[in-house]
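Structures incoming, each one as structure tokens.
One chain, chain A, links the two complexes that follow: it is found with chain B in the first and with chain C in the second.
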Partner chain A sequence: MKADVVVIGGGIAGRMVATLLAKKGLTVILVTRGLGATALSSGSFDILGFIDGRLVRDPLEALNRVATNSPEHVYALLGRGREACRIMCKSLGLFKDMIARYLKIEGTFDKNMILPTVIGTLKPCAYAQETMKSGDVNSFNGEHLLIITLKNLVFHEGSELFERILVSGLTPGKVERISHVSIKASGPSLTCSPLTLAKALDKEKAANRFANEISKILASIPGVTRIAIPPVLGVDNVHVVYEILRENVSLPVFELLSSVPSVPGIRLCRALERMSRGAGVKIMTGWEAMKAHVEGNVVRELSVRHELSGSIERIAGEDFVIAYGHILGGLQVLDDSVYEPLLGMTLGSITIFTEPFKTLSFALKIGIKVDDDMRVLIGGEPIGNLYACGAALGGVDPAREGIGMGLALSTAYKVFTSLTS
Partner chain B sequence: MSQEVLVLERVIIIGGGATGAGIARDLALRGLNVILLERGDLASGATGRCHALLHSGGRYVVKDPESARECVSENEILRRIAPHIIEDTGGLFVSLPHDPDDYPDKFAECAKKIGVKLRELDVSDAYSIEPMLRKGIKRAFWANDAVIDPFRLVILNVLDAVRHGAEVRTYTEVISFLREGNHVIGVKVYDRIHGQTYVIKADFTVIAAGAWSGILAEKAGAKVPVTADKGTLLVIPYRIFNTVINRLRPPSDGDIIVPHQLANIIGTTSIPVNDPDMASPSRDEVARMMNAAVELSPAFASVRVIRAYAGCRPLAGEGAHGREASRTFTIIDHEKEGEIWSLMTIVGGKLTTYRLMAERLSEMLISKLGIRSPCATHKEPLPGADGINVEELIKKYKVPSLVARNIMRRWGSLAVDIVNSARVPLDYAVTCACELVSRAEVRYAIRNFFVRKPVDLIRRVGVCMGPCQGLSCILPLLSEYVKEKPDIDVLDELRELVKERWKGSAPVLKAAQLRQWLLTYTLFYSAFRRRTK
Partner chain C sequence: MYNDLIKEVDPCIRCGNCFMICPVVDLLPPSLKALNLLPLNLSRYIDFIKLSPDLPYYCTQCGECVLYCPLSIMTPRVFLLLREFSKGQALPSKIRDAILNTGNIYGMPNEMRVDWVTYAGLSGKVPVGVKADVAYFLGCMTSFRARLQKVAKACAILLNKVGESWTILGPEEHCCGLPLLFAGYVDAFKEIANRNVGALEHLGIEEVVFTCAGCYRVFKYEYERRGVKPPFKVLHVIEYIADLMKEGKLRLRRGKSKLNITWHDPCELSRYCGLVDEPRFILKALTDNLVEMSDSREWSKCCGGGGLLRAVHTELSSSMAKRRVEQALEVHADIIATACPSCILTLEEGAKGIIKVKDIVELVAEAF
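For the complex of A and B:
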């Protein structure tokens, strides 16, 4: 097997770089084991959410500051100051257009939306799926919020819990009143997973019934101004489901940001799959990248193994891109160290702290080092045709800093520019 | 805030572990008015951090015949009064290639002398019982070991005590003892949840606080020689072994593996510590025990450890040394010591002998109070022990079979009350998918099993104890709790639940379990963030 570029990883970074290259006319093979950390994500697009624990209002301005003042920050890889901002805007803009046919994404660069999660905590992000946008608490003003819970959904029966955590985090006056209602969505009668429910709602008939039910309830609760729903509004057909809902319920309706298992994350992955396939990327799903065969300082081939059959193939390429994510993806944890399996190198060892979460935060920051052109460094020397992007670069703690999709998209774009310049 | 409230009782028992709960039940069954005080939650000390073994006595025959004898008789009694919380796994004592050659014969001889029932097996029979045992074992014996659920044991003792008029107060810390001359006439306590201080007066006070007994006795002006001896245990989320496995060698680190619920528990170390509150597992202990476990079965080389925890044995005697110290118990009547009247302390002992300890102490206590009333705890079964048929539960009460079986597994015939409390089919929805705990069970526990904080539910119904360590069940659990008891700070409780699970995960954090925790981290970190309104 042979391609111009071989991309390792089927998350957002890998799909982005593969799609851009394929659209440029290159032959691209994308190797992926299957759903990874992108599927576990909330499916929203954060550029920069927190600096030193403080909420970032304007992510672009904050990015400018970080990329100017902190040359060791992973965002400094995009370039200094305005250049980093330019790459971020360009990458998100391109991505939004490329995926628009499959998934609608909305937002702005210069103002973080503040979106409620299913726990009731708030997450800042620049862009989000269209179904989430009305949840932006910046736009709340004396709302009467209706929280809908689904009786047959296993993880989301806790609307009192949600309400109390949400209210504790909001400025007074944002929400005047909260009502709760519990309905049974289409789908299996006893509790089922969010994904099962979302698949059931993908069917227009079910979506119509669901929307009708909600509008009936609205008639009995006067004065509702906004409606929060668990994130189950369809998987492949979300746009239609959301339209039906909006037509029936003439009020802002929004999905909460999910915990695992995350329907919006899986929805995003399915859209990414269709986007990259549509652009002509050859996709090998169910294959695990095993080893990069290096000669001199270039990678000649990649060994991949089919996870079910165990059969092994070699893929030759001009260039290779690592986009397999962090330790929830392709990086491995061996005892106390983080290990890069393709080149067989240890990236760093994890310090164990007693304080909750510090250890994990530390582990997340270990990653693959790259040069200014995003080429992978071994012992300070770049491999000529091996690039890395996305979470594999480490350097950030997505949970703490609110840096996730923005980093994946912008570094993927940067790899693309390096490869095509 | 201090608020003086006076509560009058006949006997105060300090310590909500198996011993304290056992004493409360014993005295309550004899008709005494007792109050049980616990500074944390029931079974949150050494009782909830042991390996849950119902000893045949085999483990002690060589070194500690007295403990072995106690275990033999108590093993029989507990099987009678608490069959529903005992899994009769049986136990194997095996000798590995490099274990001492002379030990098995010595072991068999001592066991015979003491009356511990043993049966030597053909080595091939041992492998047919436990095919995952390492190759090349030299000898194997079958013993009467079993597994008892320590959390349920405590709650059922307390429940029965309360049914007989006892009172229980958790999160109630004794801060000082009230004295009249040399008499202890009560205690001053601090309610850690409501932040109130008040007084409880009684004719007699009993300290059954395990490794903390010395510190407490000192507050009363008495002296209790006790050594806190840390034992660390590991949880593997698989049952590689289905019987209790012991090494035929003098007890040492990692030489006992116990099947408990859906897991295997590897135990244990023995390290004297100064402060029982500071005893926590170290990564070094984890590594040592895993090496020892791999000696018993190579299968342990490729499993993930989901949790490590450490309990403190309250060994009787000062400077009592780890493995050498007897596991039997001591009752101290402080009057006899010429120190303090109306105060007794009990230290030492084992989970298996908790009932015997309670009986002995109660006998002494009532004779001091001039009461004659026979012990009933060896005859009266614990709540839920009267057998009911699981098929009946499924058919008569229309409970989904999986749910019925799991409620029965934990609660015996109390399952009838639990399913009677369910109103709609959705109450049988599973809250914790690892341990298969239904919503009805969680709610019943909140209402009936002396729960004062959400985190108590981990000990009551086993939620959050499986491989995901709370990732999937913390939220459903908390939302069930809020419905029952709205008067809590949900973020505080959420953080406490996560921290509680983290505590046991930190020492074993690597490979798969590190990745598992990343999910928990990304999901719950926002709850730990400082609020920026």
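For the complex of A and C:
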């Protein structure tokens, strides 16, 4: 097997770089074990949410500052100041257009939305799936919020959520009243998984029934101004489902951001699969990259193993891109250090703190080191044709810093530009 | 063994993805649902197995959860290990006895493996147990079940059409052993692997062709994994047909069909063996209207017929089949094409005549 470029990892970073390259006319093989962190994400696209625990209002301005003042920050890889901002805007813009056929995302670069989650927390983010945008509490003003929960769902149970949202610190004045109704959405069985329910709603008939049900409820609760729904409004057909809902309900209605497991995450992954396949990327699903065969300072081949059958193949390529995620992906934790398996290098050792979260946060900072062209460094020297992007670069704690897809997309785009320049 | 189990599930981060997408869990009553979140519940599970030995059979071995697991935990393998704990379960042990005593899962006299030849009206046209280049390995289901004997017939017609030097093993064919693996009888599996490989070697076979997805996977990967390396080439008939077409040795008439055909990827072929392009290549030669279900290729949904689920929890298997058939109806398919005897029987039951279920070899044989 052979391709111009071999991409390792089928999360958002790998799909982005593979799609861009395929659209340029290169032959691309994408090898992926399956799903990773992208599938667990909540539905938002985070550029920068917090700096030192403080909420970031303007992510682009904050990115400019970080990339200028902190050369050791992973965002500095994009370039200094405005250059970093340019790459971020370009990558998100391209991505938004490429994925639009399969999934719509909305937002702006210069103002973080503040979106409520199913567990009642509030999350800053620059972009989000279109179904979530009306949940931006920045735009709330004395709302009467109706929270709809779904009886036939095994997760996201009703009343508890309701309380948590109440105590989650919605600024007084933003929400004046909260009502809560629990209904049974049309689903195949009495209690089904959120994904099954979302798939059922993909059908227009079911979506219409659901919308009617909500209209009926609205008739019995006067004064509602906004409606929150668990994130199950379809999987592959979410745009149509959402249109149906909007037409029938004629009030701002939004999905809450998800916890794990996440329908919006899986929705995104399915859209990514269609986007990259549509661009002509050859996708090898269920294969794990095991070893990069290096000669001199270039990678010649990659050994991959099919997980369920155990069979082994070698793939040759001109260039290789690591996009296999962090420790929920290709990086491994071995004997208290973070280990890179393809080249067999230890990236750093983990300090164990008494609080587990601190340890995790520390581990997440460790990642693959790259040069200005995003080429992987071994002992300070770059490998000529091996690049890295996405969560594999480490350097951030996504939850604490509100950095995620934005980093994955912008570094993927940077790899693309290095590879094609 | 307990240590193997713990090692397999140790990295689990409790994200719940496996739980969310497992087609079996989704149909279980709430009490059993929680328990089936296996990596989370391992120790409790082991206690419960003592009370209810058919618990580890709530898994079709479809492998979908492995793709959804960020850490690639092999949950189906965990279920298999757990089945070794519960070997006493009545039905799987009955199947084992049948296989070891008669050579097939039905406990029928093994000589009856050639009866289909007469039923198919192919007397004299199907070589049995002769030296040849190619052997067609039918598998138990295709040998004995009336519906599937039509698939055998189509495959025989295909092999004769291309003028292959071929044979079936007849009474010397034994169950491939997959049900033994599914039921946790690893030693018996090895014995049967040796017997089958020996019989094929004895006839100087160079290539073995399969219409059964399960037999194919076992010959291709599981025999060697357990120390029995087949000295011949192992091909599923979809690979065999696609190769013939590419070499120009087989021309298909584009079907009479303006019919919409959808391809149901059998787990054994798609997820376990990566055969997703070949069937689509063949079907595109047969119809202009190849339609894809919302879950397809490696991300296909199990029909419910795998992993002995159908044998132990029959109703559950039927409910799964119904769901899969609904997916085919959603894309307005007239025919569900597939290439696995278990998928055919299970889907046909779920289809209740509303939609046709056909083996791809049957479609090919109709298009000469």
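As a convention for this text, the second predicted complex is superposed on the first by the 407 of 421 C-alpha atoms of A that agree within 3 Å, B and C clash if a C-alpha of one lies under 4 Å from a C-alpha of the other, contacts with A are read in each partner's own complex, and residues count from 1 in each chain.
Heads up, the rule we're going with is that contacts are C-beta pairs under 8 Å (C-beta built on N, C-alpha and C of every residue); 3 or more make two chains touch, one makes a residue touch a chain.
What you are looking at is a predicted structure, and each value in this text was computed from that prediction instead of being measured.
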Once the shared chain is lined up, is A:T117 touching chain B (first), chain C (second), both, or neither of them? first
Scan A:K151 for contacts with chain B and chain C and give back first, second, both or neither. first
Could you look at A:G53 and tell me whether it touches chain B, chain C, both or neither (first, second, both, neither)? first
Is A:L334 in contact with chain B, with chain C, with both, or with neither (first, second, both, neither)? first
Contacts of A:R400 with chain B and chain C, given as first, second, both or neither: first
Comparing chain B against chain C, which has contacts with more of the residues in chain A? B
A:L40 contacts which: chain B (first), chain C (second), both, neither? both
With the two complexes superposed on chain A, say which partner A:V260 touches: chain B (first), chain C (second), both, or neither. both
Taking the superposition on A as described, I'd like to know which of chain B and chain C A:L364 touches: first, second, both or neither. first
List the residues of chain A that touch chain B in one complex and chain C in the other. 40, 154-155, 191, 260, 328
In the complex, go through chain A and note every residue touching chain B. 40, 50, 53-55, 117-119, 121-123, 151-152, 154-155, 157-162, 164-165, 168-171, 190-191, 259-260, 327-328, 332-336, 350, 352, 354, 356-357, 359-361, 363-364, 398-400
Chain B residues touching chain A in their complex are 283, 425-426, 429-430, 471-472, 475-476, 478-480, 482-483, 486, 490-491, 494, 498-499, 502, 506, 509-511, 514-515, 517-519, 521-533
Would you tell me which residues of chain A are touching chain C in their complex? 33-37, 39-40, 154-155, 188-189, 191-196, 199, 202-203, 235-236, 260-261, 266, 270, 273, 284-286, 288, 306-311, 325, 328-329
Using the touch rule from the top, collect the residues of chain C that touch chain A in their complex. 13, 15-17, 19-21, 25-27, 30, 33, 63, 66-72, 74, 217, 220-221, 225, 271-274, 294, 297-299, 323, 330
